[in-house]
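You will see chain A twice below: alongside chain B first, and alongside chain C after that.
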Partner chain A sequence: MSFWEKMERLDRRVIYVLLIAAVAFALIKPVGLAITISKETQATYDLFDGLPPGSIVWIGCEYGASNITELQPILTCVLRQGLAKDLRFITGGMWAQAGNLAESAWEDVSADFPDKQYGIDFVNVGYRPGGERLLPALVADAHEALMGRDNRGTSLDDLPLMQEFKSLTDAAAILVLVSGTPGEKEYIRLVTDQHGIPIVAGAVSVSVPEAMPLLNSGQLKGLVMGMAGAAEYEVLIGKPGSAVAGMDAQSFAHVLIILFIVLGNLGHIALGKHKKKA
Partner chain B sequence: MRRNGPIIVGLISGLVVIVANFFVGTVMQTLRNEVTQWQLIAGAFAVLVGSINLCRIHMTKISRKKEDRFFSWVLLVGFFGFLLFGLPKGSSSHPQFQWVFKTSLEPMSATMFALLVFYIASAAYRAFRVKTPEATVLLLAAVILMLGKVSVGRMISEWIPQASSWLLDYPNTAGMRGITIGAALGAVATAFRVLIGIERGHLGGIG
Partner chain C sequence: MFVQGSALQNWIIAIFTLALFSVAFKENPLYRFVEHLYVGMAAAYGICLTWFNYGYPVLFQRIPGGKAHYIIPVIIGLMMYTRYFKPIAWLSRFTMSFLLGVGAGFVLSTTFRSLVLLQVTATFLPLWSSQSFAQTINNLIIVCGVAGTLIYFFFTAKRKGVIGVGAQFGKWVMMVAFGTAFGNTVMARVSLFLGRMQFLLGDWLKIIN
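This part shows the complex of A and B:
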């Protein structure tokens, strides 16, 4: 087998091993590639930055634990930014693990804000079944839609923040973290377009193309795109974390995949296969 | 009645929700809110029914000694493990349950998702070939986007992130809008068929 034939039919295990090596190298020995802030991430940051202190922000955790690498840093970043500005947050969602993921983020963030209290500055109402129908129910009567309890089983009547949140329309802004359906489209269709609430999204990379038309139409005010966007947000709030650390690995992995694509195509061309009809 | 009952319930619920959108601040909105609340309750029951069905399927696999029954065991142990551990705690936010969630489900789920990179790398290597002009365009778009979304793209040239943004803002947006509008029209047609009882797949084959 010639060199080009080998390049054209590279064993997938070779690709796997080299990919592991590239990612592991970048994670163990980060090179610190520069991170440039995109206009979409900046717009998201600016929205929360411009809210008056005391504003209530609803965060829809519409993702599962499989997406924590990309979306959890966005959640913790927005919480850090908002709590530093005295914003108040209510988290919940239509995805089954919404409650636990929000609880994880609060655990990570609250230690740095000892003056912020659960029930006053942050409430996690958790997951509620029913899919997208939860959203109009939250607009009509949030307490009834949430069955009167938060994710910890505490009565909503005992939580001071919830006394000011009777409907989703009481939110000054919405952040929705999405990895599929239901997600940002449902919020826009059922809540924000009807009631004029500004909404921004954090999306896993594969969901970004789907969210772009909503951003370009102005229905989304900002969009944090995957781990790259999360890394930009970490830079913006001045607290580099897991997303910044992961960006070197992502850069290396992308470059390696492109190298494989180039080698495969060179083999393809050298063997004259590109002249044959597909 | 077994056939017509669900269709009548669906028709009335659907009409209430649709009509309420045209009569703001009327009794129709109160009715719509009531229907929405019932939908949430039905959704909660659906989760219960789904869980029971999932267990039933995997218990059957185990009892029939199917070849891949080991995975059914894993699922049932995980399912009942979380259930029995979580129920006495009273809520899924309980620190002990939260600890189990953070140290088991979070890393395992993230690992499963991360494994996709190997399949994507292998698939990209095999699929992105300059076989046709269309395939070449796809290949170039993919390479520009992959480079444009990471720091190394900007290091090569300022042009790469700009081209990547252009691809997302224009060709991608145009394509996605077409898909969205097409899907929305399809959804309206399907919803209408469900509402008047022509489409009955959701009734589990009844009628």
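This part shows the complex of A and C:
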């Protein structure tokens, strides 16, 4: 049996073990590969950096717990950047776990900003059902669409920040963190294209190709692309976190996968399987 | 990290994570148990959230509070359940019709401008850019790529001459796009795995910070 025939019969579990080993090694012994800032991440950072203090930013948490590795660092980075600049945030979303994820991010960030208070600088209105139909309802009357209370059950009338937020159009900018539908397209169709609110997105890697045409057309002002984008954002705000820590492992895993793709193709050619059958 | 639970929570999360990963090596009862538990919990979580975020406030706060018009969507929604009662099952068709009509109208009225018109406009680019040579190349790729892809799906003419070259180019552009999408999918999956590994090695085993 030739080398290529052995490789062809390689148990897939060997690949899994090698992948686990590569990722574990890079996490335990990081080599500190360079992280360069893409213009898409920089544009997102610049948008929030350019907002006047006191501006209200709506953050749509349109993802689930399975996407926290890629999207949660983006959420905490933007909160840190914005709170340092005295921006105010309202988080919510059309995905069921929106409320819990935003609450978790606020817990992570608020300890570093003891002067910032819930209800004044940050409100989490949480999940509301109805899918994309929630967005025009938020534009028409945010308090009515949110059933008059936030994620913690507090009346919106008791939250000072919500007195200045009667409609989604009161937001100076929108950040939408997306991992599927409803996501950035719904915000663009139903809110930002109609009302001229600048919108940026943070997307899981698998959603990036779909978001790129929206960036190219200017409908999205910036895009933070997956874990790599999150790592760039952590570098931009000067607070390296889980995304930066994971980039070495990400790169190691990619090199391993590329290696197997190359080996697979070489074996395909070597065994003559690329020739068309008569 | 997102998960900052007690030691017991971390152990439960770790065991369930490893149980789910175990299917990659061999199908086993532990994986099946955890999978079914996950599906059940996710369904219950969704039902509770919808009830406490919408059902309860509408039925016990909004309608008694004087907003009687909320009764209309409640009735339309309840009509869907008439399909379980054969003599009045036909009533559920009204709900379906309502959903289809509103859904189609809602999507169509906002999609054309944002996802068709503005996207088409974004491809009207100068084929020579004075800004930089790279911008010229980018513009050429976008314009020719869109044209080629559209030609590929032009089935009412024989694929020869200009149409043939355009369709072939369109096919290559699509192949590159599919490759990009696949690459991003791999990256996303690796990120998911990475997140779990960070939890297992960090929060659980405390090997990494």
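Just so it is clear, the second predicted complex is superposed on the first by the 275 of 278 C-alpha atoms of A that agree within 3 Å, B and C clash if a C-alpha of one lies under 4 Å from a C-alpha of the other, contacts with A are read in each partner's own complex, and residues count from 1 in each chain.
We take it that a contact is a pair of C-beta atoms (placed from the backbone, for glycine too) under 8 Å apart; a residue touches a chain by one contact, two chains touch by 3 or more.
Everything numeric here is computed off the predicted structure, so don't read it as measured data.
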Room on chain A for both chain B and chain C (clash or fit): clash
Touched partner set for A:226, first chain B, second chain C, both or neither: both
Chain B versus chain C as contact partner of A:218, first or second or both or neither: second
First (chain B), second (chain C), both or neither touched by A:190: second
Which superposed partner A:28 touches (first chain B, second chain C, both, neither): second
Which superposed partner A:209 touches (first chain B, second chain C, both, neither): both
First (chain B), second (chain C), both or neither touched by A:103: first
Partner chain in contact with A:246 - chain B first, chain C second, else both or neither: second
Contacts of A:92 with chain B and chain C, given as first, second, both or neither: neither
Which of chain B and chain C A:16 touches, first, second, both or neither: both
Superposition clash, chain C against chain B - the stretch among 19-27, 37-45 or 127-135 that is involved: 37-45
Footprint overlap on chain A, where chain B in one structure and chain C in the other make contact: 16, 19, 23, 65-69, 104, 126, 128-130, 133, 205, 208-209, 213, 216, 226, 228, 250, 253-254, 257
Chain A - residues contacting chain B, complex: 10, 12, 15-16, 19, 23, 33-36, 38, 64-69, 97, 99-100, 103-104, 107, 124, 126, 128-131, 133-134, 136-137, 140-141, 144-145, 151-153, 205, 208-210, 212-213, 216, 225-226, 228, 247-248, 250-251, 253-258, 260-261, 264-265, 268-269, 273-274, 278
Chain C-touching residues of chain A, taken from the complex the two chains share: 13, 16, 19-20, 23-24, 27-28, 65-70, 72, 96, 101, 104, 126-130, 132-133, 147-149, 185, 188-190, 193-194, 204-209, 213, 216-219, 226-228, 242, 245-246, 249-250, 253-254, 257
Touching residues on chain B, where the partner in the complex is chain A: 32-33, 36-37, 39-44, 46-47, 90-94, 98, 101-102, 105-106, 108-110, 112-114, 117-118, 120-122, 124-126, 128-132, 135, 139, 142-143, 146-147, 149-152, 154-155, 161, 165, 168-169, 172-173, 176-177, 180
Chain C residues touching chain A - in the complex, by the definition given at the top: 1-2, 24-25, 45-46, 49-50, 53-54, 57-58, 61-62, 106, 110-111, 113-115, 118-119, 121-122, 142, 177, 180-181, 184-195, 197-198, 201, 207-208
